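Order of writing sets the chain letters: A, B and C. Residues in each chain are counted from 1.
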Amino acid sequence: MKRMFLPLRICLSLILFLFIGLPFIALLISSIAAGWQWPDLFPETFSFRAWEYILVGSSGTWQSIGTSLLIALIVMIINILLAVPAANALVRFQFRGKRLAEAILFAPIIIPPFVAVMGIHLTFLRLGLTETILGVVLAHISPTLPYMVRAVMVSYSTLSTDWENQARMLGAGPIHRFYHVVLPHLLPGIAAGASLSILISLSQYLITFIIGSGQVVTLPILLFPFISGGDPAVASAYSLLFAGMAILALFSLDMALKKYYQTKNPSVLKVKGAKR
Amino acid sequence: MWRKSKPYLLLLPSTGVIVLLFFGGLFDGLLKSLGYFPAIGENQMSFIAYRDLLGSESFWESLRLTIRVAAISSLLAGILGGALAIALFMLSLSSKTKHSRLWQRLFQLPLTIPHLVAGYVIVLLFMQSGLLSKLLAAAGIIKEINEFPVLVNDAFGWGIILAYTWKEVPFIMLMLYPVLARIQKSWRDVSRVYGAGTFRFIREIALPIMMPSWIIAVFIVFVFTFSAFEIPFLLGVTYPSMLPVYSFQLYTSGTLAERPEALAVNIILAVMTIALGLVVYYFSKRWKITKGWQ
Amino acid sequence: MTGLHIEQVEKKYKTAETDLKDSFALEPIDLAIREGEFFSLLGPSGCGKTTLLKLIAGLLEGDAGKIRFGDKDLTHVPPEARRFSMVFQQSLLFPHMTIGENTAFGLKMQKVGKKERLSEAKRMLRMVGLEGYENRFPEELSGGQQQRAALARALVAKPRLLLMDEPFSALDPGLREDMRELLSGIQRELGVTVLFVTHDREEAFELSDRIGIMSDGRLLQVGTAMELYEQPASSKVASFLGLKNIISGNIRAGYFKSEDNGMEFQTIHKMADGRQFLILRPETLRPIVSNSQAPIGSVRFKGAVSKLKFKHGAYTAQIQAGNLQLECALSRDEAEKLEPAQAMELYVNQSDLQFVEH
């Protein structure tokens, strides 16, 4: 029985290598290659020139990473503040117009957000929001908020109101109830939503470009000239850095959450409110 | 009364922001695509931009390219993603180890990779002097650099197709795996008792269960690819270009006169994605596939 | 004036808010619960007892009526300010807090200092037999232990009223017994007022000072276990209490005639003509062994033994009398003289006949 699956395993490993391994190897080699002529399978000489340039040179890498993260974080915080009450309403209340509210909130998943951004560009220009971080933050909200709402909704749907009723009966007012009962339960969902929000915000190019007009330099803006026909070594190094930043952002959020629950209760993620 | 208005108050900030920034933007774009632009003294509304657009060959070329690229890449991603999801699922049935979780995680890596990086990966691998070409040359299969086909910045859009397939295969897997995971291990045993081998099991049980979700997933990928910008901007050619790139070219070409046309492209794009989105919504409700992962 | 007073409280539903499909109404209810009393609401599921409990807790708002505690009107006071406390069917211990933190939660809400509240929690946990569990997390505890912790948490803040919504129904039968004993011991020791909701009549009888029987959104009767058993206000109450031998019939001119015409006798009870239910408690039905035994004026039946049962250390006989199936409690001696299918005669003293109108 086990043996039967050995070929499958080998096949999958091979696909995994081609699918995931090869692209990263290509990026890695390219980033440290000093001239890589066809048909050489490996570059003749290696150098860390590209890495030096982007990490220590005056390339503005760190500043752009800072700008990217700053925007992503502000967007994330705004999204959390907007999404938690919205998810609460959508999961726990029956009311007229619920479908409409859902349609409004989830529309940016389907309709490409750059359409709206291009439309609002001139208005932003008049309001002086172009070329500012605030403008870019505002532009990043519509592509990210729906995912945050979705993630928090999933958390809310597993939280029975019995828990809050129990807390009420023990004398907890609305703020205490939210802080001690609701928030701990929502955290995994908020973290999942925050991951998506950060990831999407970090990888925006077009929207940032239109509203930032090249003045708000996030990592994608900085990197684009290189990957569209610039120095391949620098482009590869930037690509690795960019991908690494996205993965690291997700990873650190994941770890922070795990750590939170290790100090609290390791198994709380499994606990679901008893739904009636 | 407070209870009655509470959900509306809770929804007000979020929907307000989306209505203002998103729908406001759409509406703003719609007005400007109709030539209504008081700031530069245009108070008349007309369909000139739309008429010009629908009369121009480049728009139709763009639309054809967009549909072709979206259709091929979503189908490819669907076939590959579906096959991999089933393979991983069979692997998880065969062993109790947690390896299948690890496999899944690894395969999902491209989901986290930004589009621009995904595009550049395809450049590195598939351009004529790229790694694959070098590998083929090293293996002695090709002798000249020109023997390797032009797959990046080509008129057909192969580069875009490859990049999207790479990026969306994990998405398809992510959508399908929970559906497959609902198949009980005991079903496999039952089917074996009745004499079904591995392939019969896949064909008779796994595939039919997966099918509705598969169609929806492929459709979602189609809609996403339809409105993609970064990858076609990087991997496409200037003419014909995919619709979002076409719109961007018109918008940034410099003359104010072409801006309404760019916005008209956007509005058409929005209408088409809404229509496609409604189709997805209709079928996913009808087949109740969202039940499993909600 | 002390204790809890419920005056003309009512509640109507038609939404899906409570997961009830049909519309449901709680008829206007009056009820007074004395301080220190253990009061149970007993009724089948869906009878409205949990709704009434939630109205008292403040988790639901009534359509009309008043809820007072002592001299204070609590009708519009939010639940967190009522200083009541509640134990639910599930233990609902917060999964991210230790048992100690869970237990101290109510005191924390009252802004009691950390040291004090934790020591208070510890004391209460000792009382429910969970000494040394302060630092464990809820899911490390068994179901019974979790419910004990929930009880400790409910009691630690010295609530004016402890509400309990079928708190033991999710536990194993053996565990349920233990929890009843624990609860009744603690209730007496602390003198806390308890309002207990259950559908298990044994549970209600064992624990309560007084019981209120509910059905279809109505409070049918309130009384001690003995009062309810001996003087049920209606056939519904009687059948819900598990009383046997409820015979529907009519009174005419001092004669009772059962609906199936299988039974007719004169009664000395003074009653108006009309529909009546006769309730014959099994222990009042006596077999006639010798002719002289039945007192003059007593009601006699003829029948045949259809089944003999030995349950809980007592004998009962099923007697077929005409179309009626009667249950009769027997002593061991009496039971040993009987065999299935044997014809026999029974009597009931006039004073043991119980009639209810509906």
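What we mean here is this: a contact is a pair of C-beta atoms (placed from the backbone, for glycine too) under 8 Å apart; a residue touches a chain by one contact, two chains touch by 3 or more.
It should be emphasised that the depicted structure is a prediction, and the values quoted were computed from it without experimental measurement.
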Most distant chain from chain C by Cα centroid: B
Closest chain to global C-alpha mean, per-chain Cα centroids: A
Inter-centroid spacing, chain B versus chain A (mean Cα positions, whole Å): 17
Cα-centroid distance, chain A relative to chain C, in whole angstrom: 56
Rounded Å distance, chain B centre to chain C centre (Cα mean): 62
Residues of chain A engaged with two or more neighbouring chains: none
Chain C to chain A touching residues, read off their complex: 15-17, 19, 57-59, 78-81, 83-86, 88, 90, 92, 94-97, 105-106, 109-110, 137, 139, 153-154, 157, 163
Chain B to chain A touching residues, read off their complex: 4, 6-8, 10-11, 13-15, 17-19, 21-30, 32, 37, 39, 84, 87-88, 90-91, 94-95, 103, 106-107, 109-110, 112-117, 119-121, 123-125, 128-131, 133-135, 137-138, 145, 166, 169, 198, 223, 227, 229-230, 233-234, 244, 247-248, 251, 262-263, 266-267, 269-270, 273-274, 276-277, 280, 294
Contact footprint of chain C on chain A as seen in their complex: 94, 162-163, 165-173, 176, 180-181, 184-185, 261, 264-265, 267-268, 271, 274, 276
Complex interface listing, chain A residues touching chain B: 1-2, 4-5, 8-9, 11-12, 15-16, 19-20, 22-23, 26-27, 30, 38-41, 81-83, 85-86, 88-90, 93, 95, 97-98, 101, 104-105, 107-108, 110-120, 122-123, 126, 138-139, 141-142, 145, 149, 154, 157, 199, 202-203, 205-206, 220, 223-224, 227-228, 232, 235-236, 239, 242-243, 246-247, 250
